[in-house]
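Right, I'll just put the structure down here and ask away after.
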Amino acid sequence: MSSTNERIICVPGQVLCASSNDHVAGQGTFERMGYIYASLAGVVKVEKKLEINIVQVQSLKEQSTVPSPGDIVTARVLIVKSRQCMCEIKCIGDIALTRPFRAVLRQEDVRATEKDRVKMYESFAPGDIILARVLPIMDVHTYQLSTAENELGVVISHSEAGVPMVPISWTEMQCPVNFTKKLRKVAKVIPENIDIDMEDNTETEKKPST
Amino acid sequence: MEVTDVNIRLACDRICLPAVSENEVQKLFTPGEDIPTCAGFMRGHGTYTEGEDLKASVAGVKEQVNKLISIKPLKSRYNGEIGDVVVGRVVEVQQKRWKIDTNARLESVLLLSSVNLPGGELRRRSSEDEKMMRKYLQEGDLISAEVMNVYQDGALSLHTRSLKYGKLSQGVLVKVFPSLIMRRKNHFHSLPNGAAVILGNNGFVWICPASGLEHQEDSGSAGGFIQDLEKEVPKADREVIARLKNCILALANSKMMLYDTSIIYAFEESMKFTITELLLPDVMVDVANLTQHRLHLDIAD
Amino acid sequence: MPVDHRRIQGPECSEDYRKPKTLDAALLKKGSRRADGRKCGEQRKIFLKPGVVSQAKGSAYIELDHTKVICSVFDPREKASRNLEQQTVRGEIFCEFKFASFSGVQRRSHQQEADDKEYSLLLKNALEPAVCLHEFPNFQVDVQVLVLQDDGSSLAAAITCAGLALADAAVPMYDLPVGLSKAFSGDTEFFDPTGAEERMCLRGVDGESDHGVFTIGFLPTFNQVSQLFHSGHISSDRFGKMISEVGTLAAEVHKAVQAILLSAVKSSIDSSDNSKLLL
Amino acid sequence: MSVHIKTIHPMKYMRDFLARNIRPDGRKLSEVRPTAINVGSISTADGSALVKIGNTVVICGIKAELTVPNAENPNEGFVIPNVELPPLCSPQFKSGPPGETAQVSSQFLADILVNSKCVDLQSLCIMPDKLAWVLYCDLICLDHDGSVLDACVAALVSALCTVTLPEVKFDAITKNKTVELEKRRPLTLTCFPFASTFATFDENSILADPSEEEESLCSGTISIVTSGDSLYSVHKPGGCQLSENRLSECISKAQKRSLTLRGMVEKSMESIKS
Amino acid sequence: MADILLSEAEKTFILHGVRDNVRNDGRSCSEFRPIELELGLVENANGSARVRLANTDVLVAVKCEIDNPPSNFPDEGKLDFFVDCSANATPQFEGKGGEQLAVELAALMSRAYQTRESFNLSTLSIIKGMKCWKLCIDVLILECGGSLIDAISMGTKAALADTKIPKVSVIGSDEGTLELELADEADGREEPLDWHHAPCLVTLNKLEDSLLVDASAEEEACCAAALIVGVSPNKKITTTSIPGHGSFLADSKIFARALNLAVDVGVKLNTALEAAIKKHQTLKPPPRGFLD
């Protein structure tokens, strides 16, 4: 990573550049009277997408963002009912939240096909960690989630033995200790990937946290 | 800026209402009062029976249709009937329906399937449309609609499946008692003075520039969901609308029925006052009196 | 009076041993220096530090000599649902302002007093124009302010402090708000008044017509006044003039706040870089 | 990724660290966080102190007022400690009247004052049955990051050390009191009690001076109040069982720590005198 | 203040109207709606007034109590404002819904009356350092139709004009406590208060570059910012506040214009109010109350 003096650091209200057809305001910025201003304290980043420079400001603290429609979130399942399940959103994208947000995943949003045949109890269990997409807000106080994509669904689930289960198909997970199988709406993630992450972290975590 | 004087009157100078009475005063019944009956009467709304007697359960006047006796309350929320024209405000966007405030006891319902969507009449409502609902109508928007159905619990179901109904654009909403709106064939009026009014049966009166209503009828393909927020209403039209608003309030204040003729007369009689003078209570009564007088002359003719 | 069972109760009544403070007209002496040696237009030295409360998302501490204020800001949370039906497109700032019981000359009650509530509202109104409220619809951001010691200009200090705390919490903002306060009596104007100066100017000295204290919430980048809280007796021309003079004074404080925030961001970048190097 | 493990798998996160005899912040199990005591910073109070233990900050301000002594104890004054855990210090607290934790903490401090008799209440009496001092000790937590009781006790004791009271003359006949603001005398403390908190993760892992995160993941805490050799209070609200050996280990650690803390208070007192 | 829903088109209509200086009811930007005032309609209070400003309706009652003077000003009395945003006015005030607004309004009023020039508290002293009058000013909001604080300030001033304080005489002292005797009301030995310098509060709502005086509830819903200015009859500003989430450009011209407009309107308001009160005091009409 580059050192501090190569980066542009800004504070809210600071002018970053003039806004034009090829410079638009992205996250952490806003536009006023033809200029792009920073709305956060942090590091300026310019992302190039199709000849357009998106000016962004990245805060060091995870942003005070709230889930917005279309975001991929990591959530923990709290209660499973017959038609829906309650979740709390733990991460938005790769930003870990300090306070979770409540969300609902309805039966018809569990998978893309055969929506009517979805059984909630055969898709999720309390305590599961799922990946989901935020749907447009219909109700004022809760977010709606959807797992109707191959890459979305359960990523971490613990068996009765207390160990993480291994996905064996897109509808089943298995306990590595007593080999019981459980039905889940499994996300399509390369399973080894998770294992490596879990084990590796215990090794690298010993540095003092900042 | 020129600052005009402030007008403060004392309550003792207030003019006693109703100074205007249309006919001889009708007998008023209070809750619990005996209602004189005929043999074999039928119990209608606003009444109850105690033994042999029929008693009023609301404060109001007696209405008798053959043997059906009912008491019509003086003040009430809007009781919708199928076919009524109403003006309402969107208060909530739900799945497949909007909740509309129509001054009725319960919030009215406008189903997604009861509106004309852009791109033709007979299109199946897809889930895409559901997600776009807030694009068509969102909280706060005003609509004109027709009562399609009255549910068991009294809640109204509305529809806007005609070119004259739909989202309302620039204009002013005036709220009066629903009972003051005279039931007529037509509730949409383009007045000679360049303004248009929608006299909602629910007591919501919409006043807008005459072009506002016509414009809506042209735009059938858009399903009546477009608004022109760019166009500025000319000052002259604006003054007409303001005067009309004050006149309608003056009539309502004297409990006079609202319909095209009464509104036009009130507007004409008000011309000798400035628009702001019409806010003064004594002027309001004066305008109502003059209008009343002209209406009586009409009847005499 | 009902007994508060949630706190340890002292004797039923007790009184302050100090005599009530009398107003000190001597503060208005025509000399060029104030009681603490400052010039009339001079601000007390500002000590400002972000990130003082580890448990909060963002926080800041400000010290204007004896005036000491601490503020913390928390993650947006769903609005306390007052009106379920009413969908609001904007978020809200919720402020709670409290004077510590030992912050003033007289001991204050533990409960929120009338001026705590009033200042909470004034602070909220001063901060909201600075925050991009539309970025968190239906959510509120809690801002908690505690005055540890009050020696005048505490609302102004709280505005500056809360602004820095909001920025520290990475709440999107249009600008860093700055609070300024001025007291005046007759021809004398005290910038950043102390408690004694505030009390004297609020009251006014007999025979002099104009007097009062005002606190202004200011967004220097867009030259906006977000709060103008005044109490006193003054002609509109003079008041208008005083407000227009505030801009230059605010610019100075604004620069200081920006510099402090910049260096805080820098040092946290450095420390996170270092920790990455350790790996 | 460490942040994600922490939010998604907190227990595993903690267990992995303790298995290697180290804590997430890099401390050893028996290591306490750096402590700082700053006295007399609030000039509107008659006595004040700010105590920092790691991130935890507690400020104590003492206001002296005059009152009539209780009929039961006519020659005693009052010391009234109250702990506030405002929402400012942590998102877990709501605004409004003090919650359960704050009430328990206030009572804990009041009990220590009674048990240790560190303030001689009779010295607060000016005229028996007529006039006495009441010391309102208000403790406000500014940053709630674990071991708050330790910081509260330390702040209370250090603030009491800084209290000076003016001389008051009371005329029993005219009921006139004259306060001589210039003649102030310091309050003398008979002993200096300090608290040490330990968190029990399981029977084998006992963490000294736990942080907020550790407290929330551990099964319970234990707070021990000592002044040198004397033990005043052991406060163990639930949690897993603790063997006698473990307990006496903790007590001896607490005793050592109380001496260190006392040294720090004395040092900071000197710094304001000079 | 109380939120109401409006569609974008209605807002646009109001906005364009303000540009043309023709508001929805035909008023110009600096015009007040007609006001109706009634005094002395609450018999149990020492003074009372009701103000109707179009749809806005407030009732103010003043009660006198004997109290101890404030320790730092022993020769003065006390004023205590309390605002009740009752759910009668709007269902939004139900429960604690109106609390924040009530605190804001009460604080604004007490700030406006804080200085000696606005209201001389020493007239409320009975015995220096021992006893004084405390005036409890209770404001009840009956209906909200915009410009609430303007109506409250008028009502307060009128209620104070209507207030008469009973004469008090000391009949003896016993161990430091005084025995006081109130003169009988029938004696007519009551003294009026000195209310003439009390301020009126004017709310200026900012809509684009225009400033609206006496905005209706619909207009308030469109406005980005508001400035409340307390104006005494002698053209002095006693208090200011910027409520809500709006802000003003710190341009000296804009502020000078706003403050001057507020003072001009405030003075007119004070003059009209004083005239109405005088008229009431000479006519002494029987109370009309709420029943017609």
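We just call them A, B, C, D and E in the order they show up, numbering each chain from 1.
Everything that follows uses one rule, which is that contacts are C-beta pairs under 8 Å (C-beta built on N, C-alpha and C of every residue); 3 or more make two chains touch, one makes a residue touch a chain.
The UniProt protein names, listed by chain, are A, B = S1 motif domain-containing protein; C = Exoribonuclease phosphorolytic domain-containing protein; D = Ribosomal RNA-processing protein 43; E = Ribosomal RNA-processing protein 42.
Note that this is a predicted model, so its numbers are computed, not measured.
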item	value
Taking each chain's C-alpha mean as its centre, the one farthest from chain C	B
Chain occupying the most central position, where position means C-alpha average	C
Farthest-lying chain, centroid of Cα atoms versus that of chain D	B
Averaged-CA centre spacing for the pair chain E and chain C, given as whole angstrom	27
Centre-of-Cα separation between chain C and chain A, whole angstrom	37
Centroid distance [mean C-alpha coordinates] between chain E and chain D, Å	48
Contacts with 2+ other chains: residues of chain A	97, 99, 204, 207-208
Residues of chain E engaged with two or more neighbouring chains	none
Per-residue multi-chain contacts in chain B, two or more chains	91, 139
Chain E to chain B touching residues, read off their complex	5-10, 12-13, 16-17, 19-20, 22-39, 41, 50, 54, 154, 211, 213, 261, 264-265, 268-269, 271-273, 275-276, 279-280, 283, 285-288, 292
Residue numbers on chain D that touch chain A, as the complex places them	1-8, 13, 16-17, 20, 22, 24-26, 91
Complex contacts: residues of chain C adjacent to chain D	4, 6-11, 13-19, 52-56, 66, 68, 70-72, 74-75, 96, 98, 100-105, 107, 110-111, 142, 144-146, 148-151
Residue numbers on chain A that touch chain D, as the complex places them	74, 76, 90-91, 96-97, 99, 129, 156, 197-198, 201-202, 204-209
Interfacial residue positions of chain A with respect to chain C in the complex	1, 3-4, 7, 9, 11-14, 28, 30, 32, 37, 39-43, 59-66, 97-99, 101-102, 140-141, 204, 207-208, 210
